[in-house]
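Heads up, the next two complexes both have chain A, just with different partners, chain B and then chain C.
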Partner chain A sequence: MVRLKNRYYLCEIIPTGEKKQGTHLVGGFTERLVFKAVQKEVQDLHGDYGQGVLMGSFSVSYLNPDTNMVMIRAGRDYHRLVGSALPLVKKIGHQEAFLRTIHLGGTIRSCQKFLIKHNKQFVKSATEGVDVADPEVKEQGNG
Partner chain B sequence: MAHPCELNILCDKNSGNNVEDRVKMALSLGYEVIVMNNFIPEFYTKKKKKGQEKTVPVPEASEIKIPEHIWKEFKKRYKNIQQCTRFTTVITDAAQMHGLTKQKELKGYDITAVQPTTEKLFHNCCTSDDVDIITFDMTEKIPFKIKRPSINKALEMGIHFELTYSPAIRDPTLRKHSIRNAIKILTVCKGKNVVLSSGCERAVELRGPSDVANLGILFGLNEAQAKEAVSSRCRAVLLHAEARKTIRGTAVMKVTPVVDISQKLQSSTESQKNSLQTTSELMPDESDKSDCNGLKEDRRTGNVSESSFRKRLHEKDTDFQFEDTVSSVSKKSKTVNVVDS
Partner chain C sequence: MDSFANHGYDADGLEEYKQTYYPQGGGDDMEKLVVQQVKDYEEKKEEDISQSSQSKHQIINTAAIRQGQGKKRKIGERDSDDETSILSQAPREINISEFTKSRISEIELLTKTVMSKTSKRNPRQNMPRHMRRRAASHNIKRLPRRLRMQAMAEIESAGKKPKTPSRYHRRRPKNLMAEYNRRQRKQNWLETHIWHAKRFHMIEKWGYVIPHFPNDKSLRAIYRATSKYAVLQDISYLGCIEITGPLKDILHGLEKLTSSEIGPIFGDIRYIQGTRQGSTILYKGGSYPDNAIGEVFFHWKPVTLITSEFSGSTTVSELSDCSLDDDTRTLWVWVHPSFWDEAFAEFKAALKSGLSGKDELYSKEMKHTSQLQQEHSKATSSVIVKSLKDNILRYRLSGPMSTSVLAEVLKPAKLQKENPAGAPDDDSTVRGVTVKKWWQRYYSDPKISQVATQQEEMWRILCGKQTPAQAPSGGILSLTVGDPRILIPPKKSVIDCTDVESTGCRENTVSFTPEVSSSPVWSQMVRDEVKFTQLPQSELNRRKGNMLVPGSTLDLGDDESRIPLLLVQSPGFQRTGPGPAQSHTSPGFGSGWDLILPSGWGMAFWIALVYQGARVGGLRELNSSAVDQGLLRIPYDYPDTQAGAAEERKEWEELEAKYKRYPPAKRPNYIKLGVASPFSYPWLRLVQEWSNIKKQGAPFIDHNIITQDSRKLDRCLDQKTHTNQISAEILEPMDSEEIEEFVVLRTRNLLKYLDRICHAASMETESSPSNMEMSNSDKISLNPQTDISSTGGIDGQEMLLTLSQMHNAIVPVTLNLVSRGAPADHSMICIPTQGDLDSLAKDSRYGGPLEQRKQDPNSRKVKKQKIKQKGTQQGTADKVKVHNFQDTLIEPKDVAVTSSRVVIGYLKTGGFTYTSGRGTGRGFCALQGILHALELNPGKDFIVLVRSPASYQYRFAFMKILC
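Take a look at the complex of A and B:
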């Protein structure tokens, strides 16, 4: 048996819509919405061929609604088709947002490791200069 | 992908007040060098009859930079960031190339970029000393053929070609045009010296470095070239710009180690020794002439004044004084310059 190889794009959703008065931005992204948005761009850019080739492997395998991190799976042979469509996403659901690729991994595990590292760094930079009494807060990483 | 750069953030006054938003977005996406671009389509025209020159006032480079107090706040948040300035113009006439060197305000800008409109002007731009980037209007068809010889010249000079990606994100029809233009350029230059930048009008049109590299693959670059086009090629542009400003009017002396010279002198045969004696007795005028020839040769090969330096060593006796020869060579080069001009 030959293993079916995949590639995983680890992306951050960056909402760009206008802020409403007093409230901060509404998240509400779901795996289904992200999948539909990317699929539409693949259809626009690569047409039926792109759709057909990716049909078996293309899916959104993880989404963290708190940190807006999303992991998109694609077959290894054709992952470039997804990769080139990712920067063209402008809208997810009804909300204006775009995706920022931060990592391209071969396994879910490697992406998880990267994400933990990334989040730790983010917490570190965000709490720089702030005295954090609880050491557990520093270790927090929403892997 | 180390040290990604964003080479094109438009900030002329027509583009609105959201420059800070765009810079903020670019920094949050992970760019380390931000280049503020001042795009003025026509800045220099020459009247045919009177021969008078008319120039459009170009704002000083410091005016388009992000103000100090805001930049300091950015610097607290993001480390190792840098901002530069760039001037871009459309070239419709050969006289405008001349204007690039004449205008005083332009000297304050770090990078000079041009957008040629005809094949001849494109060739002029490729061979010019005053250009760092050649850019194209990606929203329309490129109105001329791009030929290999001019591209070769540009590669030799270290001039880079810019592809802007924000039209591709903005609109599907513009996307078709930009892919077509990109492929047209890339088939000729084979992916060498290509820079990817945004040229965005809104913060929404900016993308992260790895996404831009993905778009580069869509444009026809290969994986390594696409990554380079966002990072190391952009650095090369900045270095080229810096070198262009500093290198004019200076001579570079390459000094060979003393050990080599002594070995050479030892290895020289008796016949050469005889010739040494004869050359030392030569009239000064003739030695001058020989030096001039040597220097001219050097200019052509780019191997600056090494051979003439050695020549002089042979002419002199073994107990030569090093500084003396250096100063005399530099004097000679001055006289040569006078003769040339």
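Take a look at the complex of A and C:
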């Protein structure tokens, strides 16, 4: 059995731009926008060669607009090209933001598993420091 | 966790986390910020009042943030100096609860996707390859625990059966017996079940598994055996009911259940002695002639001086069944299983009400009617109804050689004490342990042993007769015979007919005395002892093996069982009246013996009889031979009983289901054939219509008969039929007394009278179809005379009046086809027109008229639809409709006048019979229809037309009333 192997970057989008009127969080990112932004950086860093070798595999496979988590796929052989471009992303669409890589996984499943763990960690820490916690939230967080 | 550590975010506190990622602006803004946050949240609170608790939470959270910010202020200030521009652009606020919530929902979502099965593969296949175990498919515990639940569900949904144990295991005696017992839980097995199951098609019927027909040969073989040799059938499914009590009480109770109009009943003089078996028809208590239950056979326990003496003696006080008063009698009633429960309940009810003042005691006994354990005090003279179901076996042997076959098997046993040399003489119970055997006790009385000699002598005489028909009709002979297994020939043999010595042939008339019929088999004690003291087959084989001369007859001496049994003669075909119908069957056809045995001995006798060459038949053979013998088949030929109606209903459902399985082009169109009920027997509807026709005076047929051109007639009749239907419909609501129940006419003298007027002419000149034309003229001239003389004048007139008033009666009839054809089951019996009879008179080889093809209103629709389909190429929806058009044959409305010849009845069974060599049938006709037909063609051989449901061809048939 031969299969095409990939690497998945699990990143958190951290918006840095100005807050828009009426919203609490800066957001509105789409998979397409993220892809474009990363692709642009790859182009800048590695040129047509980089574009070319990544063409078949490069894509954004998951984006959660609520938590701003994004999963970027790249072929295993050249995933470093993407990895090197990620920290240089400063703008996604018209929004200023940077990507914080939190995990590099071999399968979507492993990334998902990591994300669950990561989120649980966060929820735990978020609820621990507070005396009065919404039981609902706590329950869910623990579960 | 790791990532947090790596990136330097220890999970210390939320504050730090936030501070790092969402760095706040300068200290000046701090107060503003907090105020704004609080404001914001309060706005939001107003928006979602329902989430009040949550907003509280949010406020608290913001307070926490505020504190944290207070702590970190210094750092913030330090940073702000360098990066004011960046920080000013950073998001100013964070909704921590929403932030958390969105993460929680993400967790949920991801957990779902991670946990859910991604592929349709078995959980076992999802295991990492190195952990896969082939053995896990057998033993689920080989799987890791987290996958077991999944795998269990998988196995359950696949519905895998547990592996059946090996044949070797299943065939071990213990397991085999367990399996047999399991299979007998729902349906009873006959004792010969295993033997039959290997050779017969078995059917589940009436709570028993009954052999239906043999796998080796067909009906013709059975016919040959019946006419030339012997046919054996196991009819042990007939359940016996024992009625014990004072004769008066019994007869008084049973009076309500039958009527002497239908023939001799329980108390009849010829049966009361106990030397003959009788049959009668049961009715629900006091409701004769409605609510018939079915035909039963019965015989009384004979009363002899000797029997009573024996029972009175002290030695056999344990044989409580025998020790009764002189007045106390016992009756055995043999009831077919299809209505056994009904009959048993009826007997109990009738005999209970027959007793006044003893009800209390009786009911106490009824409570523990646990069949055989029932006890009763000798002092009372109450009537006891006891079930002997599956306690007594009954085999039927029919055919001329059946006596010879029985003679080979039933060798009267030595009943005198055997005193082997060396043993003390007058003491067979020397050792205190050994108990006298039943026959030693029973036959110790010299008078009884004398009776036994009488019985042996009688049996010897009967064995000399050529056929069993020469024995007294229904006579009962008692015998006590030795173990039949000893005499089984090493190979299956056939007795040569010529070998039969005709010693007793001289004495043509033999009569049975009560002594000859008295038997110990009536005693429960004896039956039980005989059953339980049977020598096991293995022991028998061992002793056979130990014999000095192999193949010689084994002498078991006193160890040999003595089996008491009854032989009941069945007379076979009896010519009951005049007329050409069934004249081809020889009298005594199918005569034979019924063997009544105690249970437990079934297989021993069965094998012995089979080894003497008796051919074995099943239910199908039993029914066909009953038709040949002119007997009514129980319960099929009792359509007014519940059991009979149930059979008809079942047959209807089966036939209709089969019909519907065929595509329309491959099955007969009964609308075109003009058949109202191809599968069912609409007796009630038939009777109702005939009653209506009679009330109208039935003018329509008479008029038509005068116009004799058959083509015209058909058309005319068609029109007339329509008009008649309309008028009938108009009449119906006016009919205040619509018939709701039909009955089968069973009144003996009325049936005989009817039969006589059917064959008024042929009584005088025994006409056969060949000389019919010649005799026709005679008949007409003789008719008035015979009518008066044979029917007895005024008495006959009265009977005719009674008959014409019985609007709800149907009559059993037999048909014998005049020349060609063999009618199928469900054939219609119709009245011929004058034209038909004339053509037959002209040409005796005339086959019969043809029915006109009817228009099927549906077929035109079907055609139209087909054309439409071709034009528009429509889908399957229309096709289904086309198919459904012909499925509307349920519940016929008009049954009498559906075709050009008026229907008076239906054949229950029909076909070619070997006995007469031509087509015959058995069915029922509406009484009014018969009378009408007689009015139309009086004084001739009663000829009717018969038409199979799938044919246009009518055939001529002689009709005879079955009585």
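Just so it is clear, the second predicted complex is superposed on the first by the 125 of 143 C-alpha atoms of A that agree within 3 Å, B and C clash if a C-alpha of one lies under 4 Å from a C-alpha of the other, contacts with A are read in each partner's own complex, and residues count from 1 in each chain.
In this section, a residue touches a chain if its C-beta (ideal position, glycine included) is under 8 Å from a C-beta of that chain, and two chains touch if they have at least 3 such contacts.
The shown structure was predicted, so the numbers you read here are calculated from the model rather than taken from an experiment.
**Q** Output check: A:Glu96 vs chain B and chain C. Expected answer is one of first, second, both, neither. What do you get?
**A** both
**Q** Once the shared chain is lined up, is A:Ser84 touching chain B (first), chain C (second), both, or neither of them?
**A** Only chain B is touched by A:Ser84; chain C is not.
**Q** After superposing on the shared chain, does chain C or chain B touch more chain A residues?
**A** More residues of chain A are touched by C.
**Q** Taking the superposition as given, does A:Lys117 touch the first partner, chain B, the second, chain C, both, or neither?
**A** Only chain C; A:Lys117 stays clear of chain B.
**Q** Touch test for A:Arg3: chain B only (first), chain C only (second), both, or neither?
**A** Touch status of A:Arg3: no partner.
**Q** Which partner does A:Thr127 contact after superposing on A: first (chain B), second (chain C), both, neither?
**A** second
**Q** Just chain B (first), just chain C (second), both, or neither: which does A:Asp44 touch?
**A** First partner only.
**Q** Quick check for you: in the superposed arrangement, does A:Thr16 touch first (chain B), second (chain C), both or neither?
**A** Once the two structures are laid over each other on A, A:Thr16 reaches both partners.
**Q** Check chain A for residues that touch chain B in one structure and chain C in the other, and list them.
**A** Of chain A, residues 16, 96, 100, 102 contact chain B in one complex and chain C in the other.
**Q** Quick check: in the complex, which residue numbers of chain A touch chain C?
**A** For chain A paired with chain C, touching residues are 14-19, 24-26, 64, 66-67, 69, 96, 100, 102-103, 109, 112-113, 115-134, 137, 140-141.
**Q** State the interface residues of chain C toward chain A in the complex, per the touch definition above.
**A** On the chain C side, the touching residues are 1, 3-4, 7, 11, 13-15, 17, 21, 40, 53-54, 56-57, 60-61, 64, 86, 89-108, 110-111, 113-114, 118.
**Q** Touching chain A in the complex: which residues of chain B?
**A** Residues 29, 165, 168-169, 172, 175, 203-204, 207-208, 210-212, 214-215, 217-218 of chain B touch chain A in their complex.
**Q** Spell out the part of chain A that touches chain B in their complex, as residue ranges.
**A** 16, 44-45, 80, 83-84, 86-88, 90, 96, 98-102, 104
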